[in-house]
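Just so it is clear, A, B, C and D label the chains in written order, and each chain counts residues from 1 on its own.
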Amino acid sequence: MLLELRDVSKRFGGLHAVTGLSMTVAPRTIHGLIGPNGAGKSTVFNLLTGVLPLSSGEIVFKGARVSGLRPSEICRRGIARTFQATTLFRESTVLDNVLLALQLHAATAFVSTLLGTAAYRDRERSARARARALLASLRLLDLADERAGNLPHRDQKALCLAMVLATAAELVILDEPLAGLTAQESTDTMAVLRTLRAEGKTILLVEHDMRAVMGLCDVITVLDHGVLIAEGTPRDIQANPVVIEAYLGAEESRA
Amino acid sequence: MALGLTLIFSILDIINFAHGEFYMLGGFVTYYAFAVFGVNYFLTLVLAVLVVGGAGVLAERVVFRHLRGKTLNAFIVSLGLLWVLQASAQLSFGVLDKSVPSAVSGIVRVFGLVISRERLVVIVTASALITALYLFLKFARTGQAMRAVAQDPDAAALQGVNIEAVSALGFGVGCALAGAAGALLAPVFAVSPTMGALPVVKAFIIIIVGGMGSLPGAVLGGLLLGAVEGIGTLFMTSAAVNMLGFLVVIAILLVRPRGLLGVA
Amino acid sequence: MTPRRSLAILIVLAFAVAGPGPAPAAEKTLTIGLLGPLSGGAASYGVELQRGAEMRTDEINKAGGLKVGGDVYKIKLVAYDHKAQAAEAATATNKLVFQDKVKYIIGNAVGATCNAAQTITEPNKVMFSFVCWGTANLAPEKPYSFRSMLSQWELAEPFYRWVKENHPKVKRVAVISPNDTSGKDTNTAVVKALKGLAFEVTADEYYERGTKDFYPVLTKLLAQKPDMIDVAAAPAGEAGLILKQAMELGFKGAKGWTAGTNPFTIIGVAGREAAEGVWSPANINVKSEHVNSAVRKFGEAYEKRYGEVPGVIAVANFAAFDVFTQAMQRAGSVETDRVLEVLTKERFETVWGPLVIGGKETYGIDRQFLYPLVISEVREGKIVDITQVLPAALKKK
Amino acid sequence: MSRRPGLSPALGFGLLAAAGVAVPVLTRDSYYLDVATTLLMNLVLTLSLRLEMSTGQLNMAHISFMGVGAYASALLVTRAGWSFWGSLAVAPLVAALVAVPVGRIALRVSGPYYFLITFAFLEVLRLFFNNFFVDYLGGPSGLVEIPRPHPLPLSGGAIGFAGKLPQYWLMYALFLLAAAVLIRLEYSRFGLVASAIRQRDLLAETLGVDIIRYKLGVFVLGSFFAGLVGVFFAHSHQVLHSSDFGLEPMVLLVVFTVIGGAQSVWGPVVGTLVLAVTSELLRELHHYEILVYGAVLMVVMLVCPEGLVSLPGRIAHALTRRRDAKAAAVGARVAP
């Protein structure tokens, strides 16, 4: 298993956001995490990436414990994420955003940077080439010198993805990658995600577009009120009465 | 003083270094009205509050309004304002300390503690002001609007709160409090163009210690600082006590980064 | 930033450095420099220095200028604000010495800035007089530096000798000063004088400048039950607050102000009751019956011009200006080395009365202005001069 | 890193270097040299302060580390008998070393809390200089009789540093070193990472930056340069006093930086130059000096909140807009 959550809980004061969650994510899969609003999906993401500390339990990635590490360290171990909103460095250029993601985790070699040694320049050159290749693969190359904040929504989403990919993480965590996209844009993004899986990445995503989730995911985990209520293939999940109950109940209470 | 600063900080996110100058202004209003023209002391107090509050609203309208959300710029501007006000005061009021006669004189003994009557007046009036402010913020509609703006300006705006007006008013009330402090303390201490320099530093310590943006925190911070200084002076030199004050600040921020009663 | 903008900055900088040089000398002008805290918390010192100097400058210029040898000089006074900061003082002194080309800087206050200014005045042989009370500001290796006011070293001993003789009940003395050079040096001198005269020193206390609430420190100080409190180097406003709050806390003993400056402010701030009976040896009361007519006239003109009663610093700098210009006339030259010779040898008549420059026993060099000190007492809100003491050096010459 | 609009680093650096050489060519007047030397000191201070600000944190204790360097060097030379040159190499390291624990503590908070906690450190260190180890640090009287930089022995004889001119050149050399490092960093991945942290520190963190370590590194490096200036300051002024490292000079550094524009590495340069010239001109105004200075600050901040460095861009922008509007107006009239 690539990622393993063991009896993970998170409390905010008296509120139990996540309770006794155990789940695994297999390598080279697209794994969906779904559940009604307030089910604790985003909290799980924050726990996985070290943004929030766990209340109890542990998280193991590639056989090593990652819970308790700082977010930067977790990223270096190979877990990278996007945020629900299009969070990027809005004042920097598109290319800089990707370069940042490429290099942020690299050791910052102070002396060689200052002296501009051959090694440094080589590294810079190759980083630039990789960034451009990544942008090209997501059809962003034309916008490379544009300020990230000026991009249309679709391109910002793509840029977020590019940045996560730039970190070279094995496990990519995506928070609503399709939200706000047109049907055509969604289809394109889903294609990109499948390509990534084929290239060896593992993807864990939260998404509200059920049709997309069912069509895209290999495995789906369903949360409700911070508790795992079902797990299985899309087909299993669609037929699971508990899941239907949870979603319908949520719909009713909302109405 | 600290209360006013904390109010301004919480509502407007402005680190107002010129706050001490509003305090000074309150002192000079008192000097001229009470000591020179012989206006009744309590009337003077009201006058000081109105004049300084007005000056505060003016400062907000003319200057700080345009710098919403730019904490650093507002900080620089408040410095500029500090210099302008201090230099103007020196030019118009002279450099010498001006004394304001006591409105009440004599001393009283409370539980064996000696305290001058005028200090008692200060304590009582200040407590009344604090209570009034608290009630205002808690119950008055405008007060509630202020708190809403402090917590989340955008949400408050959506609820139909007039941010512009509330900001100006908040700044005004904050300055008015400083003016009241200046007016209250004018007879106890003396007034001079630079009288605001030290209190503003103290007020900053107090609001850090108490928790920025928390009014009860400011009161608690004030009491705590007073206690640290009072007790410290008995054992240490003045410099060591001052240093102790800042060390307490650092320690508190480490244990409770948001201050004693600050909200995370 | 565009290259053009950098170029613009370059040009601005070039103008700044090549800018207006010293104005071409008209007739004969003698430029005299002045430093001081003209703004901020110590501004009252700087402003008094400046006003004292202005008064003398105008007096000379109105009289047609200063006749030195065969020449007549108009005096031009250049004053810079050093904001009570050492580094600023160095910059300002540099400007005076190198741009304004002054050879005389008459007037400076605030201890740390004197040290900074001296690093420039001494090597450039610029005469420098000040009212800084750092003991080390006068020294054999600083031959161009003068103190134009009696310091704690001249004042403390005669003052407490007088106290001992006239108020034998005073035995236990508490001393309090601001925590800086003048405060430390003043307390040191006062404590030394007290011990030499067999007084008991109950407290040698300091507070941070700008303090307004003295209850904490006074509570500690009064616990020792002193017979007398000396607000030694406290400026008038703070001294007044200390005395007022001491009274509130029940202190009824004697009060002294060894290095006090402005007696009217202390009465104003402390109130009549708390200021009652304050002795001070350093004041000058320009309204007193006992002062000479010259200083009374100075006081009147000053008050008319500035709307405030001159403190001792204004008088001191007025007198310093007077002494330096007299010395130039006697030397028949404005050259510093020749003026220096006259200064240290002769006796001058000033608003203080007779004045000589001495102090070798204390500082190793004769650079301290010595003149009669007057001990005064506050009585019913008025300042009453009680007695006059001649420094030993003045008696000799 | 990637091309950014504006001045290329090499050109900007070249212009600064040339301007520095131009000063002694244009004037040998000690006063102007002194002003220029002070200017260079301030430039190093503001540039290094901005390095710290580039991560979004305003360090109010920056000048304290200048103090640490200054006092350390004064003690090394007067007490331990070191040569100025040895001290020049070591004292900035002392400042950097002191910065490590201070930074560790201060960086546990951020935003306005960081501003205030560093302000507390500023006061603690100032009070320390003023009141502790008075025999060594000089206390409130200041530390005096610090020797000038010792002559630098060279093959062809020694270079002395008694006069203003050699002192200027020394500071110029230090400035070039500091400016080269700081400008280079700004345009390298360090600058990029710093701006990432300033914009979205959480995102930077989840993308793999150890932001605490990075901020600490920047803090220590900034303090190193402040300490470097401190060493020069100690031996050129020869007198040290705690007030030189207090709130007022610190506030001026912030003012220089922000007025120039903290977003760009050229901002502090412009701000420091313009305000240094301004304040020297205002010196003649005596009592009005502070008044006018304060008013200038307020006006600049209101007129161009991004700092002076943004001014030409804004003017150009306004002009084109005006032209566009005119064209549009003309077009509108012609159209029907």
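To be clear about the criterion, a contact is a pair of C-beta atoms (placed from the backbone, for glycine too) under 8 Å apart; a residue touches a chain by one contact, two chains touch by 3 or more.
Since the structure is predicted, the reported quantities are computational estimates derived from the model, not experimental observations.
Remark: the per-chain Cα centre closest to the mean position of all protein Cα atoms belongs to D.
The interface with the largest number of contacting C-beta pairs joins chains C-D. A straight line joining the Cα centres of chain B and chain D is 32 Å long. In whole angstrom, the spacing between the mean C-alpha positions of chain B and chain C is 35. Rounded to a whole number, the gap between the C-alpha centres of chain A and chain B is 48 angstrom. Look at where the CA atoms of chain A average out and do the same for chain D: the two points lie 40 Å apart. With touch defined as above, residues shared between interfaces to two or more other chains in chain B number as follows: 86-87, 90, 237, 239, 242.
In chain D, the positions touching at least two other chains are 130-131, 287, 289-290.
Within chain C, residues 39, 179 each touch two or more of the remaining chains.
Contact between chains, as defined at the top, is found for A-D, B-C, B-D, C-D. Listing the residues of chain B that touch chain C in their complex gives 86-87, 90, 94-99, 101-102, 107, 114-116, 119, 185, 188-190, 192-195, 197-199, 229-230, 232-234, 237-239, 241-242.
Within the complex formed with chain A, the chain D residues making contact are 1-4, 181, 184-185, 188-190, 192-193, 195-196, 199-200, 202-212, 214, 217. Taken in their complex, chain D has these residues touching chain B: 58, 105, 108-109, 112-113, 115-117, 119-121, 123-124, 127-128, 130-131, 247, 251, 254-255, 258-259, 262, 287-291, 293-298, 301-302, 305. Chain C contributes residues 1-3, 5-7, 9-10, 12-14, 16-18, 21, 38-39, 50, 79-81, 83-87, 90-92, 94-95, 97-99, 111-112, 115-116, 119, 134, 136, 179-181, 183-185 to its touches with chain D in the complex.
Partner chain D is touched in their complex by these residues of chain A: 49-51, 70-76, 80-81, 83, 87-93, 95-96, 99-101, 103-105, 108, 110, 113-114, 116, 124, 128, 145, 163, 167.
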